[in-house]
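Look for subunit A in each of the two complexes below; its partner is subunit B in the first and subunit C in the second.
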Partner chain A sequence: MSDTKTLAPAPPRDAPAPRPPTARRSGSRRLEEITKILFVVPAGLAIVALFGYPVVKNVVMGFQDYGLKTFFTGKAPFVGLSNYVAVVSDDVFSKAVVNTALFTLGSILGQFVIGMLLALFFHQSFPLNGVLRALFLLPWLLPLIVGSAAWRAILEQDSGILNVTLQNLGVIDGPVPWLTSPSVALVSVILVNIWLGIPFNLTLLYSGLQAIPDELYEAGALDGATGWRAFWSITWPNLRAVVSVVLMLGVIYTLKVLDIILGLTQGGPANATQTIALQSYQRSFVEFKFGQGAALSNILIVISLAFAIIYLRVNRRQVDE
Partner chain B sequence: MSAIVSKGQARHARGPVRTAIAIVLLALLLFPVYWMLNISLQPSGNALSGTFFPTHPSLDGYRAAIADQGGHLVISLVIASGTVVLSLLVAAPCAYALAQFRFRWISWALLAILISQMIPSIVIANALYTAYERIGLLDSIPGLIVVNSASGIPFGILIMRSFMLGVPPSIVEAARVDGAGLVRAFLSIVVPISRNSLITAGLFAFLFAWSDFIYALTLTTKGQVVPVTLGIYTYLGAHIANWSAVMATAVLASLPAIVLLVVAQRYISAGATGGAVK
Partner chain C sequence: MITKLVSKRVATFAALAALAPLSLAACGGGSSGSSGGDASATVDTLKVLDYYTDEPGKTQIGDMLTACGTSIGVGTIEREAVPGPTLIQKVLQQASSKSLPDVLMLDNPDIQQIADTGALAPLGDFGITADGYAPGPVAAATGADGKLYGLQPGANTIAIFYRKDVLEKAGVTPPTTWAELRTAAKKLTVGKQYGFAFNATADYEGAWQFLPAMWSNGGDETDLKTPQVAGALQLWKDLVDDGSASKSVVNWKQSDVNDQFIAGNAAMMLNGPWQEPALDKAKVDYGVVPFPVDQAGQASVAPLGGEAWTVPMTGDQAKMAKAAELVKCMNTDANQLLRAKQGGLVPTKLALADQFKTEVPKMAGFTDAVAQARARTGKLGAKWPDTAKIIYTGVQLVLTGQAAPADAMAKAGG
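Presenting the complex of A and B:
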């Protein structure tokens, strides 16, 4: 916005302006300032009510015995750290932490590598490039629970198409219990989550590649940098900002995934696919121990925030623009 | 010179091969979507069918899906449309203000909006459950519209702001000189110019709300307000008796995404990159 806009209503300093108009002007300017504030008030209230309040409330609830009783008595006594002690000392917690780490790491790695290869592939020109690339977005736009349902049908043990095909090809002797065996279920859930994350990675990395000027490659080619040399010395350094954004957003989104795991395994079998987010859901909405659920989701907030800080440091230039 | 020409010709010749590779990759990635469609058209009653094509296509799955889930689809539509309206009403003026007004705290507001997008939805559900219980918004369509706007509003602000940064202040100034107030100028000049970014933001608010499962699962208790995502989950929960009906519901629940992908593809690409990076 230009400076002239704010300066324009002010009367010239040296001109002897009559008093009443100035008063009216400063009055209308105040009105305008108030109108400007009113543009952001609804959004401010929404952010406070839908994010500020929940975060503060969760932090407080983490220290309260907030359970089913609370809804009848209205009382939620403060209990210090006992919610945290209860959830952390539970055997499932360490399993959930390991699973969360494996789920996040595996998903991000798979999504990123496949998304990157596809982005590089689509960065070349060929007929129908745009249309085909758009169709790749479809899995990302479907409701997650729909993706889970489709994969449930594919991974079904006895008549699911994956086992039927693998058996017909002679790759496996008997059906693999993709979602019902504790040793395989986490891998299956990760694979489905990779599938869901590919479009996001492809789209962001592709637009990052598009932003690298062609001249760099032309100059590089003169110096003999083509193929992998060009990738490592031109593409990767120029893509680094986008890559960190993609990775950080990927981590933050994956940490909070619930739909896919609930739709595929509900955390089972034998807690093989339990994660911190799922534990939080189960404490609150299955066992109605809202204090413990809040304690777990507070742990999740801290982890997400750590990654958010990294993300914001990387992304600061865009924020400040 | 000749080297460049021959390179161009080689690239031209490789084009169709790349298209073929892309189609194969696309077929692999979209197989689950195809499989969903295939199963939905198989005759119902039996277990999952292993045939690759619906050789005897039947609409029984869709009949069962509409009978069981038709109402849930309508509820999803109402919630998603309400979320679009609420999100745009709240986010559009804010986006304009953050793009064009000179507030000292703008970078703090943007920081807050970015961080808000990173709060896990289970945190919001956990806190709002108790609040909703007290103020009577549990099991209600307005309750789900409000909570779904928690995704639509911040995303909308970021998308629309990055577009509105490019609106020249001079055209708004011209309207102001002609006597239009700030609100009139916004509604009659900024909104029409920014139409594409409003469509993008609205489209995503719709998809967020339509796809929502966590809030539907946690903030409804009595089974009165059941969006279709929750309907699918309930279908999946019991041992599945009728796969073709489940997959028919999944196909119906995918329709908005498919329609939007075909009709509004350029807005989706814009949203995918704009909302995440800017």
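Presenting the complex of A and C:
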């Protein structure tokens, strides 16, 4: 505890407590308490309205037969678990679960490793550093739907620039079915998502690196810690808090990715790129089975929540240290 | 003041409600313009919602609505157009906030689903019938209760577009049977040019493009596990396996197919007349023939496309009556012909077919096809979306080698 180190005589912790509370004093204190609460109320209301209500509504909707008719009649009868039974027993569900796991894991791994390497690269000073770094942020500025449309053209099997280039360079003999073969499509979708996610990882990790004081490296260098040794002994431990934020947010963002897959493959070919998020979107906004869509997104919420809890626990331990 | 105003409104409403049946009966009689004279005085605006957001359709539809508004004595048409894919979502939002438009345009396969919710007024209540219309548009707009919910002024469908010069040079005539289609496509596949292009994406568009093959072969959406449906799947598979169509068809939307055709990467394609402005702009010399049949003697059956105008249940009887008049006006003979010429459509009134064919000879192929066109929702009604999902999944399973044509539909959940 840091305050034990302070040299000035610290006032006893519960100094005000023994003093007998006069009537006036307790009144003003109550007022103070009420004022404090009043300051928090707007924020609390906003959270309840903007986050609490939709989540609760979504949970409830998962148990309702909420379809097209509901919008006109206002009636959404409760149907117990039948929405969950319907979505889980669908053949596509197990595929979507596996794909969601692969998509999330692959995307995070790729984005993080490349983002980390780039952050380390840009942490050194060299000419044009700023310009290059700004260029790496471009994918972030691009609307997702534009990004996916461009990638769809690039990955086109017959005339896409990627296959044409690779063939001209003699890297491949025949065209790679990037988006048209069920065994390749998921990999392509993950690659595009990695491309999109690099700026996010780069930016956060780069700012994390900037926050590490140079003195640590200077002191480390005196003890002979340079290169990899410096990375593992100084950079990594100091970056841990940032890394956990990046990974945590990365998982939650990636779990809900929708637009990229919609733009590239619509979940095809033959359901090869279906994920839970995409299923939820399609049930809700293509098939208008909002109850089933809600059930699927509730499943996603639970998965995200599990990761959030892990994150909070890890973080708390770090703070306690 | 306020109470006076309210009571005046109530009185007007009651009067209109009493008048409504009279004026509607008059409408049915055919003298739509002059009939509801008293009612029309109070309806000075109508809200309209459609999905023609792109030019030139946006202005064309807008002008026609304005002209019809004037002719039925409604001063202002408050028109809103939203992008096609978001129309239904918009309608749902409006339904839950009780702010539906007075006139709503719907894509024909959506009518039954929306009618099923009780959101649309049966047009029969306003004395409107669809006598003399092609059977497809009528089936699409007829609800499970047998009532008519929409009038569709123009229709389209899909057929085979071919590059005249390319086929001539290769000595190939436009195919009329599946065997001819395969041979022609194979012969036309040279270099980077594929013989044939179609769309087989994992969405309703992919399902819609499969229907000509499925229906022409006698397949039926009520039972997908038949040899007829498998035969159609086999045709799709053969065209791709032959190398006559790109493996990319599983990822090509109809607009992509058209781009490939324009770029000279396809000698023939399955597509609709809405692509013609783009083709004409690119100066492609093309011809159109109906989708081929498996064996001579079979009829080529294509799916019905196009939009219908409907009257939502807004509760305001006077406005609903006027809205019905507007729907009727959008469907007059003159407007059907005008809209067809402007929008690359075919008039849905059968009596107009001959006149249209003489005036627009290049649409002759589509005009015949529309007369026979079958509505996707004709048999299944609101259950069509579930079946469409099975169809496009089945097609994708076959084209990617995940299932044989015989059991693809079963594997897709059919």
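Note that the second predicted complex is superposed on the first by the 257 of 321 C-alpha atoms of A that agree within 3 Å, B and C clash if a C-alpha of one lies under 4 Å from a C-alpha of the other, contacts with A are read in each partner's own complex, and residues count from 1 in each chain.
The rule is simple: a residue touches a chain if its C-beta (ideal position, glycine included) is under 8 Å from a C-beta of that chain, and two chains touch if they have at least 3 such contacts.
Fair warning: this is a prediction, and the values are worked out from it, not measured in the lab.
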Where does A:Phe285 make contact in the superposed view: on subunit B (first), on subunit C (second), on both, or on neither?
both
Figure out whether A:Pro269 sits in contact with subunit B (first) or subunit C (second), or with both, or with neither.
second
Which of the two partners, first being subunit B and second being subunit C, lies in contact with A:Phe71: first, second, both, or neither?
both
Just checking: does A:Arg152 make contact with subunit B only, subunit C only, both, or neither of them? Give me first, second, both or neither.
both
Applying the document's definition of touching, compare subunit B and subunit C: which contacts more of subunit A?
B
Subunit A residues contacted in one complex by subunit B, in the other by subunit C:
71, 152, 156, 158-159, 285
Given the complex with subunit C, which residues does subunit A contribute to the contact?
68-69, 71-74, 90-91, 152, 156-159, 177, 179-182, 265-272, 285-288
Sort out for me which residues of subunit C touch subunit A in the complex.
88-89, 92-93, 95-96, 113-114, 116-119, 192, 201-203, 246-248, 250-251, 263, 265, 385-386, 389, 393, 396-397, 399-400, 402, 413
Touching subunit A in the complex: which residues of subunit B?
11, 14-19, 21-23, 25-26, 29-33, 35-36, 39, 47-50, 89-91, 93-94, 96-98, 100-103, 107, 109-116, 118-131, 133, 146-147, 149-150, 153-154, 157, 169, 173, 181-183, 186, 207, 210-214, 217-218, 229, 232-233, 235-236, 240, 243, 246-247, 249-250, 253-254, 257-258, 260-261, 265, 268-269, 272-273, 276-278
Which subunit A residues qualify as touching subunit B in the complex?
1-2, 5-6, 32, 35-36, 38-40, 42-44, 46-47, 50-51, 53-55, 57-58, 61, 66, 70-71, 118, 121-122, 124-129, 132, 134-154, 156, 158-161, 164, 195, 198, 200, 203-204, 207, 242, 245-246, 249, 252, 255-256, 258-259, 262-263, 277, 280-281, 284-285, 290, 293-294, 297-298, 300-301, 304-305, 307-308, 311-312, 315, 318-320
